[in-house]
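To start, the structure itself, in structure tokens.
Here the chain labels run A, B, C and D in written order, and each chain numbers its own residues starting at 1.
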Amino acid sequence: MENAVKRIGVLTSGGDAPGMNACIRAVVRSALGRGIECVGIRRGWSGLINGDIMPMDSASVSRIINRGGTMLYTARSDEFRTEAGQQRAVNTCKLLGLDGVVAIGGDGTFRGAQELSKRGIAVVGIPGTIDEDIVCTDYTIGFDTAANTAVECIDRLRDTMQSHERCSVVEVMGRHAGYLALYVAMAVGATAVLVPEVPYDFEHQVVEKIRRARLGGKTNFMIVVAEGAASGIAVGDEIRRELGLDPRVTILGHIQRGGSPTAHDRVMATRMGVEAVRVLAEGRSSRVICYRDGRIIDMDIDEGLRMQKTLDPEELAVMETMTGV
Amino acid sequence: MENAVKRIGVLTSGGDAPGMNACIRAVVRSALGRGIECVGIRRGWSGLINGDIMPMDSASVSRIINRGGTMLYTARSDEFRTEAGQQRAVNTCKLLGLDGVVAIGGDGTFRGAQELSKRGIAVVGIPGTIDEDIVCTDYTIGFDTAANTAVECIDRLRDTMQSHERCSVVEVMGRHAGYLALYVAMAVGATAVLVPEVPYDFEHQVVEKIRRARLGGKTNFMIVVAEGAASGIAVGDEIRRELGLDPRVTILGHIQRGGSPTAHDRVMATRMGVEAVRVLAEGRSSRVICYRDGRIIDMDIDEGLRMQKTLDPEELAVMETMTGV
Amino acid sequence: MENAVKRIGVLTSGGDAPGMNACIRAVVRSALGRGIECVGIRRGWSGLINGDIMPMDSASVSRIINRGGTMLYTARSDEFRTEAGQQRAVNTCKLLGLDGVVAIGGDGTFRGAQELSKRGIAVVGIPGTIDEDIVCTDYTIGFDTAANTAVECIDRLRDTMQSHERCSVVEVMGRHAGYLALYVAMAVGATAVLVPEVPYDFEHQVVEKIRRARLGGKTNFMIVVAEGAASGIAVGDEIRRELGLDPRVTILGHIQRGGSPTAHDRVMATRMGVEAVRVLAEGRSSRVICYRDGRIIDMDIDEGLRMQKTLDPEELAVMETMTGV
Amino acid sequence: MENAVKRIGVLTSGGDAPGMNACIRAVVRSALGRGIECVGIRRGWSGLINGDIMPMDSASVSRIINRGGTMLYTARSDEFRTEAGQQRAVNTCKLLGLDGVVAIGGDGTFRGAQELSKRGIAVVGIPGTIDEDIVCTDYTIGFDTAANTAVECIDRLRDTMQSHERCSVVEVMGRHAGYLALYVAMAVGATAVLVPEVPYDFEHQVVEKIRRARLGGKTNFMIVVAEGAASGIAVGDEIRRELGLDPRVTILGHIQRGGSPTAHDRVMATRMGVEAVRVLAEGRSSRVICYRDGRIIDMDIDEGLRMQKTLDPEELAVMETMTGV
């Protein structure tokens, strides 16, 4: 049965994330190891629509395991949201004789995979996005690198804050999910953290935390803000107005997207890439590779997209214990 | 019932690991948050024997979350292996009125905790060791930092290897456990990896891998060796003799022990520290904090020490797929 | 004659810079080596006014050579600009019996040193500021670390730009001096750089550079802006309006101020600190330590502050050659 | 007159050094900017002998400014030391119509350049070697990156030393020149440093330094050894035998050769590359680009190779002041 699968494609879609290259490498090499040919599709779904492809052999993915970004480029495609666009993508798959596609990206990528699956193309999704906003998996490729980048930047800010006795507001990525902000805040010992999942309450979430910290002897205050919770600049202004402090605001922005992937991102990307090929080789489709309960598994895409994630209340409680003290 | 616990001690023992400071900080601050006093015990079990202590308040653990090493120092103690030594440690606990002790370290530390528990002192262990050689937990504090340090060093070696078309042998830590070596090898895309869990077979594990890589077009070969599997220098000599290559041997040694902890190590250290205090506050003893199936739990120390770990065969298989190709 | 100097003070003033701690360490230890006592003055000139001091022995500067920020804190002081404030500072020197003061900081710090010198206190300045805006020296402590921090951040942006085919605008520090921006731009291979020394001409400095790059086959454009030349956000808006690109704007801000100092900053800080103590020990005053023509020398503060620096035309020409191509 | 130069070659030879790629990029792009064609010669002099070339356009050096190693590979060539080899290299130059060659490397590379110049080929050398062992220049490309790599590794060792109260011996590169070791020792605040320029005297250089440090209250001792001064392992053994300490020995080896070049190395490489092309374009030959007295200049190769460098006595004195205290 495995023999049915002769040729697959691999693409990256949505925002890029460190580790995507390591994942592409794993898909290509484990496919070759199974005797399956692999085609690279450039610029995500848009590349599948337009037949923007490149042949992939083992050497083509040499020396990329440690590179940020994605060698296959990525793009968002409006056309792929239309029926016509999806049909053109299906046609490309047929023309190329692709028995399956591995799509690395976020929620939007998985919705695309879902559509393509409905039209008869075997697709397996791999979660790759720095803000870990995919509900069905406990890990998304790129998160660890983004967290470490943010932590290193904030460590630098702390050095200079401590020299001057100051307040700092740092806006990190996370439009819909606050896990990255929460994680980073815990790792830097932040005074307070604002996440989109908790309604913004300046008095309770910021003022009280800063006060408790000041009363406890601290003279430096680090406020971490997920971009989806509030604007870092607005929070800074409010602190200036309400507390008479003069906070410095830093917006990390796309710095968090780049950089050589951490060991964790490379290993997860490799393991997920190998797993995705195994699923396709076993003749399954419409699956998404997930990390759950410490294991890499695969799950039905529809089921995965239906799930609802909330912030782990236990981690929120730990954060509550550890901040502002 | 929680009120019973009024004062606890915290110590680090065995080899130090990045994240130990973050863990000490979490123990101190979460204890204080529960109204429990906290005493720092310096130089591990030896400090408990000799009453080498320091008072800990919230400020005493300021600005250490990002520091490598351990502010409480660590040492190995022969005396603590004797009955007399253990009795003196118990006496110190009684003198200081310690209702419990949090001991951060490796297997040896847990055996010490076991002994002390038998003598009536409530002890909770937290796994802190860079080579992840503790059988009952899927994570030990310091592993992620050590892995990233090794990966960064090997990335540097790859730069210069690629300029010269060479072979490199890198010896990483891991006397009894090869997980660190395996993980690092996967993260750098090594040609071959030697671990203590698999009997050393030069022909099969090294020669064949290098040959397959060379036949596949590669001209650079990276061999990762866990110190417990073989000596890096010996492997280098054998490659020189048998294959006519001129490998460079690098021994990373204690570089892997130091450095500012990664985000992951800080977060795990914080969460495990909070959990250990919770277990003590709930009046339990002889427990070890573990990370299993993606969750932080606590387990009986005896049970934990009885467990046997082998390398995850699935990860070995992934490694087999991904190396030498 | 050297014996005249028995006790000196050391302070850091103005914005902090990586390497200040290494410099404090060198001042303290080389003074002690000459049998001169050393007093730390906290929070810059303001600390000298208020007698905010700490005793310094050899151990007090242990383990700080690799730390960002300044252990003596720094602050800006309005009071020190008044005659009354300066007189109070002189009084503190007399009370403490300080035979000299080493002041580490920027232009403003040197003006303070000048005033104090006029009132009979021996003062030697050491240039410490990340944006290298001090005219009389070719190097200021902190510059190298700030440059490397900016370069690492921009390298990360390049990863993600290359995945998406984009334009990036990065604002770096440099209110009055563009050398940091120019240096960073050269190190990252920027498409264009805007510095305060050259009047802002969007058409010539940005549009033409981007066009030349695009015609030369590039699809990614990195624009580096010194904060004193233009606002990064304004430049981004203009690019959007005039060229139809959608640039990402990043403002590095105070991230550039922190971090463990580079080897270069530690060595320069050490050598300059040793030199400042030598100058004071030789009974000289009103001097500033400079790096000129590859050598560490000392110069009269008045003379130093009178000098005018312009951007090295040769470096500008190299930049012109290397950008936008 | 400049028009005479129509086509040049560029090669890297000897050990690779971070920044070589940035230098190749600068040579290629500034040549193109002057209307001069540029050919890449692979594997150093050996590639010139064998005609191992690649065409270079502007795009061929895109995205390499931040890469360690050398895209042109490097090798040592015994054949080039023979008259026949040199003649074959000259023939390649004639066949390809090369009006000049830029050779990036160390002393050996410059001797090659000298020979080739004698045979009528215009050659300009650029100093690229991590151990700064070229006598005529104050800077060699790669030194700053190697120093920072060593410093980062030693900072990690210090973390773990401080947890355990230990002695560490670190062997750094430098077969004939101790400047890298001296510089690194100053940057990490080493207890002692051994350089090839000073005859090895264990009692005076190591024992006395450790004793002074211990008497001054230190419990950690960091000994930096240049590979040309002594074997790190031998020094460790002697410390064990004579002082009863149990030192950890680390040999950094080729880790120092790799890694993304620092800002300083990229800027120096760029400026030196531009200068080399200018010299060739002006019709000069047999020159080496040097950094002297804070300026980039060019010098006659014969004169450069005749110079004798000794360690700056002032830096040695500073080191003497700052270590062991």
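Observations on the structure shown:
Going forward, a residue touches a chain if its C-beta (ideal position, glycine included) is under 8 Å from a C-beta of that chain, and two chains touch if they have at least 3 such contacts.
Remember, predicted model here, so these are calculated numbers, not experimental data.
Steps from chain A to chain D, taking the shortest chain of touch contacts, total 2. Shared contact partners of chain A and chain C, listed by label: none present. Each chain's centre was taken as the mean of its CA atoms, and the one lying most distant from chain A is D. In this assembly, the C-alpha centroid of chain C lies 28 Å from the C-alpha centroid of chain D. Note: centroid distance chain B to chain D, computed from Cα atoms, is 37 Å.
Remark: chain B and chain C have CA centroids separated by 40 Å (rounded to whole angstrom).
Shown for chain D are the residues that touch two or more other chains, namely 155, 158, 162.
Taken as a graph of touching chains, this assembly forms a single closed ring in which every chain touches exactly two others. Every pair of chains meeting the touch criterion is listed here: A-B, A-C, B-D, C-D. Residues 12, 16, 18, 20, 67-70, 73-75, 149, 153, 155-160, 162-165, 168, 248-251, 253-259 of chain D touch chain B in their complex.
Residues 25-26, 29-30, 32-33, 58-59, 62-63, 65-66, 138, 144, 147-148, 150-151, 155, 158, 162, 183-184, 186-189, 216-218, 260, 262-264, 266-267, 270-271, 274, 291-295, 315, 318, 321-322, 325 of chain A are the ones touching chain B in the complex.
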